[in-house]
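Mind having a look at this structure? Questions to follow.
Letters A, B and C name the chains as they come in the text, with residue numbers starting at 1 for each one.
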Amino acid sequence: MIESNSPFYDAFKGILNTIDKNRVQELLTYMNTEAINFNLFKNNAFIERKFPFDIIPRIVSPSEFAYLEKGIQQRIYALNLFLEDVYGAQKILKDGIIPSEFVFSSKAYLPSFANTSVAKNIRVHISGIDLVKNSVGDGWVVLEDNIRVPSGVSYPLSLRMLTRKVFPEFFEKLPIQGVSDYPKKLEAAMDYVNTGGINVILTPGRYNSAFYEHSYLAKESGAILANGEDLVVEKDKVYLKTYNGKKARVGAIYRRLDDDALDPVEFHPDSLIGVPNITQAYRAGNVALMNSIGNGIADDKGIYYFVPAMIKYYMNEEPILQNAPTFLAFFEKDRNHILQNMRTLVIKDVAEAGGYGVVFGSQLTKSEREKLKDAIIAEPRRFIAQEVIEFYDIECLDEAGTFSPRKADLRMFSIYGEDIFVWPGGLTRFAMDPTSYIVNSSQGGGFKDTWVLKEQR
Amino acid sequence: MKVNFSYDFTLTFDEPVRNHHFCLRMVPYTNAIQTLLAWKLSLNDGVPYYETRDGFENHLVYGFLGKPHRALKATIEGEIELSPYVYHDKEPVELYLPHSTLAPLCEDVREFSRSLKLPVTDFRKAHFLTQLLYEQFRAIEEPKAKGLETFLLYKEGISQDFSHLLIALLRSNGIPARFVNGFIDGVNKTHTWVEAFMDGDWRGLDPQSGIFIHDEPYIKIAHGRDFSECQIHRGSYIGKRQHILEIMGRIERNEQ
Amino acid sequence: MILIPPQAAEHLYWMGRYIQRAESMTRLVIALFDKILDEDFEDAKAFYAKLGIELAYDSAQMFLRESVFNLEDASLYNTINMARENAILTRSHLSNRMFSRINALYLAYQTAKEERTVSLYWLEGTLKELDAIWGNFELSLVEAKESPLIQLGKVVERMDLNIRLYDSIEAALMDVEKLNSIAEKVRPNHKRVTLSSSNKFKTLQTINSVFEALTTTHES
């Protein structure tokens, strides 16, 4: 279903009808020439893939953005406080708001990093909150908080840059908020937590799916793009090696590696892309890592359930943004509900990411359903279930020039520096298949730009 | 009781390695029953080291040895005040209830557990299990742990295996348990034991010797949910992986 | 301090080398094409044989296809691919224009390879593109700190090819001054490179070890 009564979208379409859509070709050529792509491995072969995009943007009205901005700021603020707490005094557990067993049995909780203080008490520097707009009641619903290593910001950023060149009409006629200051905000946030030294973006390397983004952000934010091998811990500090043998002290690292790969001394000993002993320098407070180590506990699919409670607990405020109605198999009452309503629920394995481990109960055969029931009973902590949200479609324009609706979500990015900056743009992902609800790029979804409109003078 | 201690750690490589970043847990823990009064650590060739603490409050010593070397040697000497092994600390005990990777509640542990007739109170259960491990399992000298499944099958393993099995059994009986790395006098390998939380206190259990530790001189270095969180040495280096770890702990009663 | 990590420096250097190699190879193929038509049909075979590469063709057109697309490592296509690969790896150090020019050239070759179309006219277009890449690079301020590394690659490759392709140590020697002035920017107070004109093999070795000598990092 497409959201009706949207004057901004009507205005967009009015303009779209007057312009030559064949110019999309020009956009494609641009994208190709700029090598705006993502990498993937298929059948053991490395493939550079163009990120499939659609020129019709999601349009967000000024009042809607103001609401989302407030809601996201509140959410990020609470998640950050939760992480500070859960790796510190653990008040929220002692006060019984979240069952401590729930946190302690999670693989994402890293007790060996408890009591590590982080620069400026910020742990959630970069976040990507995934939302959908519910076609029932028109409300925005948060599906997932991504506060470990969220990616995707470069795609709408690059698409915007190109769309402005190819289709200036929209930017002339519609009051679209600019998005190009994202890298500058990132730079400011890095400077803010920097413990002395240069800023670095740490990439897993050329073969990572988001390597383009790493390069792009480094270039635009003035940070140095480095591989693990380029960094070294000397004494108790981190340095960037340079080709002529000199070393530059590093004060902040926007790392695009998972915790597991970050340090072979501390985590996975076989990681070749990490920096040995970087975690010790971090524990000693000699370098800021963005995001902090151990954030996984806060974007755990199970902890998600408790985010509204966190907001109330830490901030004494009502949550602005709603969660999808969620049931935790961990609680007996919820578990019974799940087991009795398998057909109407989406069941998620909390250990999986990227749209994997998501099962629609309605699509299971009887025996599959029974098998899943057994798994839930055996390991209740591992599963959550959510009611299926009928979220809005957005139109896509295909090569033949026809409009067709696709399910679409919205990832909104924010940067926590001196304050929490919610980027007035976003990555709108859509399902390639008209019947699908899964929009993840790793599962073949495409993306759109997100235009946030300004109040018109 | 005041004791003097010394602890030698030697990691020997078959072939020289280089670019060795290391992180050692070898400075004794400080808590209510163990106060480190004085200590001095030296590494081979005067390699400098730096200190920090992990989330368990384990003392970490880290550094870098770049040039090719066949061994990493470290010696710590010092004086420590020990009290009877009953204490509590600020860590949440619930952290030590869920099963962990090296002390899992696998089918074999479940089955073993079902075959036992356990006494009623936590205290007696812990006592019973500690004794049982001592009587039914054999300690062997090998560099690597067997893992619980093999340990249960052949009924022999190293100190680590004893501790992990006891931890898994305690936890599955609702008793929080943590893994301890440390040393006792004259034992030339890492000694590990278990702390179990009962009646408001942590108590030491040594399943390899079958004892409830009371005022025996056990010096604790580090603890964690299992071995993976309190290894004596972790490192990354260029060279072949083969190495031997030798350890010698000495504890002497300080009569003054 | 010049904030370029060791690996990035190496990629910048190799990018310079591959762009230069693409240019020299293009010129060579054009020259050999003429020779095949006008002088000696076997000439290109003999020339590639000197480089240890076996090249088979039964027409001038086939020679073009083979040398441009099909020779594994030595094809022009592969050379441009390698230039582009190094550009991808160092993209955060390059101006957008520099990067997209190299990438566009690669994409054009990729399409041409799929369609198996190549002509002398096309190769002349490649030369123009390469000129534009170098020109762009000379004018750009973005790559100021990277520029000496890329230039080093360029001059080393040119010297190397002058010796290997044309047996001309003399031509290579004419670049020594330039090499030294670039090396000075890469690493101030470096040891000057001197070449003797007698031994071809030794000269090649010296030229090809310049980058390594300038960028040796000391593990402490």
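As a convention for this text, contacts are C-beta pairs under 8 Å (C-beta built on N, C-alpha and C of every residue); 3 or more make two chains touch, one makes a residue touch a chain.
Bear in mind the structure is a predicted one, so any value in this text is a computation, not a measurement.
Distances between chain centres, each the mean of the C-alpha atoms, put C farthest from chain B. Legend note: the chain whose CA centroid lies nearest the centroid of all displayed protein CA atoms is A. Note on chain placement: the centre of chain A and the centre of chain B lie 39 Å apart, centres being C-alpha means. Averaging C-alpha coordinates per chain places the centre of chain B 59 Å away from that of chain C.
Listed for chain A are residues 234, each touching two or more other chains.
Across the assembly, chain C contributes 220 as residues in contact with two or more other chains. Per the touch definition, chain A reaches chain B in the complex via residues 87, 90, 93, 100-101, 104-105, 110-116, 233-236, 264-266, 269, 276-277, 280, 283-284. Every residue of chain C that touches chain A in the complex is listed here, in rising order: 1-10, 88-89, 91-93, 96, 99-100, 103-104, 107, 149, 186-187, 214-218, 220.
Remark: chain B residues 21-23, 48, 50, 52-57, 60, 62, 64, 92, 94-95, 97-98, 224-225, 229, 234-236 touch chain A in the complex. Contacts from chain A toward chain C in the complex involve residues 32-35, 198, 206, 211, 214-216, 218-219, 224-227, 229-230, 234, 240-246, 248.
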